[in-house]
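Have a look at this one before I ask anything.
Going by the order they are written in, the chains are A, B and C; count residues from 1 in each one.
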């Protein structure tokens, strides 16, 4: 299941055409191989061999998901070479972060609210902050969508939406925890759609809906139950989380993204801060709170010990201790994302990676052989709006 | 599996762009939550809690499928608020109808020929009959498709086609019945494609094919084996059902839909009468006949009793009794659909739901913030045909 | 899983619009029914009945996959009637070939490198060689892609890429062999993407990427591990195979396809020789070598005998014997493809199948009722490039 889900995290971004899909494909293929190696070294290295199973492939997919999130922030402003370098570093940092969280701090993060979304989003945002382009407005007219490209993006949204429950439950323990994860995610997503649509309409002065909100904010609910999905969040808890996330994410698109761009010089192409950053933090907090509140009454004594793995050196833990470690996991993720993002951003700022000029951002023809006919007049509408302005 | 199938029942309708996809998404998210509650009250209410499992999610999906069918009839002519109200009532009625059929009459309807398709289609048709718009021809030019929109719709068709076997077998008993359901559906769908294509070509005066038939009539075979799929229909029986449905459905598109619109004042935007209404009735009849003919020779004595659940108060039943109850189920579904449709239609006719004017039907820009550039000239072709006619 | 994979082998080809999708749908539906019958006669005929299970459906899907491959070579140059005749014959030949390979020669071919890809590709190439159209250049301008059609094709590519591991492992023995098949395919595909992208850029004089290579060459890695996927190829072996295939396939698109067309009069519309033909042969050779090298040390003595089925009349075999039979399987496939292709090609050359004129190739409106408005000016761009050249 998870293979398709991530396949369409890629097409979801295809508003900018060939490059979005093609580069995403490229970095995913590269990232998966590198992630297999990295995660193999950290988790399944044994007697000189890396033992490889389907679970490793799923984990590598998750890792690449984090890269795709960060790709959303720098989309259209970097060259393929820069992307590969970013992937190389990010996969490494992801593996380190995942190792610290899951193996050292022993936090629960089945759906990756912390490891994938929060880490990926703030890493990407830091990189794009370092790579700030003051004259990006020269490419501004190519940054908007057109009628058909929004429909393509909508295919991606629907796909992610449908696969999110499988995604959040993929690495859960089989049985009850897996079912819980799927059902909680489902409820949260459904609630999130309603608040996103309602708020999108309420914030528009004529009550119209904005396609960007529908494409993105509707998914925030899935991000936000990532950590807590396999816990006893209960359906009503998921509905509340989805409800809140729909509001936060839509508000983010309307007010926060323009603010980030104008005041903090963070140019967030796809608005990943609203889809992955904020809901990821919410998800981590929800996870910490849910873990803290876990009681033997709801899980059963054995169930609790079994679920959180209170054995070995964790024998003396209780749920509130687990909750504190969950919170620590969030801060570790954020710290690694920020520090790593600054380092990688500085490396990518070096002038010999073939990055496009400010006026060529969001432009496929810099990197792609384009179909000949009509390219610049009708069928490549981003161009057509540019060309008349040139002469 | 079923999650994706329904995800694309939504994209299937995207011939009219943002609204089709977006509103379908909205009503699905809303409908699923309401259906979980409704079906929870009817089927799994226990000690003050609704017990929720993956099966409930699938059943809620089925329920929403019925709403999506009805949405096909009123597509482009109602506002989002009207849609939500329709969803609210239809989900309630669906749950009542399902409760009567499955729990009181104890009919078999694994693929939902009766509960989903027949009910959904005739409910939708009744609503659109009540909401008849005499001046709809003013929007007529925007009701046709364009080259790329037909390709988008074809993605939906292929997806539904591929997932229909999983869909019809999702709630069957595991093991033999589930395999039978998948294989019967598969055979029926394959036969249906051939007759649809052949007849589409035969009915055109120059022998050309019509994309609308390929998109829709090819799926009718899946609807029509919905009830009988898990029974001993045998592959050749499925092929015959598919064969007949391909013919009926294509003939319906060519002759019946125009007749309904001009004579009976039923404006059926997507032709759901041909894809869901007629095949649903055929499916119900096929189910009744197959159940009547079920004999201990084919199923084995134990198998028969086990399959139809001849125990408890049904101990004295035989197959022909089951067949009669299947037929009764069809009439109950039709009755509830018609009466419910009239009531809901009258409610929706109230003038304060923000319905679009006749000349604004099938127009995205009434409800959506549109991409700025080129909107009305090249990339929003529905507009472009309208604008030249205006000045 | 396999149902969707093949559903999108169809949409993958939709660069030429309605006909690609529609005819592919038609021939798939027809082919599946015919394949169920043919394979039923060969493999599961018993007491006058054909026993049908889900496995038969998967095998029929595989068979249709082979037809879809051949369809890629003749795409745009044949009529629907010709396609149905080709499907009829090819399914028959496929079943004969499969029976010889799997039942008589007892070769292993889980992912169908030989039976599906090599056979399908060389069959299709032979047919298109017989059907050579000297004046095809008259339709040349309609043979290229446009911006949006490439994005549609990319959806197909991503889908096939994601499902290929499931596809190659679908008929493997459950357990270890199935996991091995999925993981090997995955590694090969990932490696193939990298070399395809790198070479595509390296071969372009300005370093730009070509969408055709990304769409096609990236999949070659999956074809090439088809035979060996369930064997002990080891991940590094898969990476090497994928690496080589990415190079071979991209080179094929750049140099071989034009050469075939100009010198050998083989007009290969979709470049199937590079995606299926060459990688299929590589896959068969890799399979033969891997089988030859299989040793009791790696598989275990029992595992080896169990995996290759060294019992019954094969008791005296060893791995090198198996390797020789694998190689023999390749030559049998090629021979049947070439001879069968010539016969079918000659039959299709008969002048009464309604084939399109040279100047109407790659043109939907010959066979399809087109949307009225704007058809020939904006939204049917293949036309729009033609029309201005006419007067």
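General remarks:
In this text, a contact is a pair of C-beta atoms (placed from the backbone, for glycine too) under 8 Å apart; a residue touches a chain by one contact, two chains touch by 3 or more.
Everything quoted here is computed from the prediction, not taken from an experiment.
The touch graph of these protein chains is complete, with an edge between every pair of chains. Rotation angle relating chain A to chain B: 120°, from a CA superposition, given to the nearest 5.
As for how the two copies chain B and chain C face one another, under half of their interface residue numbers coincide. One inter-chain figure worth recording: chain B and chain C are separated by 35 Å, centre to centre, where each centre is the mean of the chain's CA atoms. Shared contact sites, meaning residues of chain A that touch two or more other chains, fall at 148, 155, 378. Chain B contributes residues 3-4, 6-8, 10-11, 14, 17-18, 21-22, 25-26, 29-30, 32-33, 36, 52-54, 57, 80, 148, 152, 155, 367-375, 378-380 to its touches with chain A in the complex. Within the complex formed with chain C, the chain B residues making contact are 141, 144-148, 150-151, 154-155, 158-159, 161-163, 165-166, 179, 182-183, 186-187, 189-191, 193-194, 197, 201, 204, 208-211, 214, 218, 235, 239, 378, 381, 384-385.
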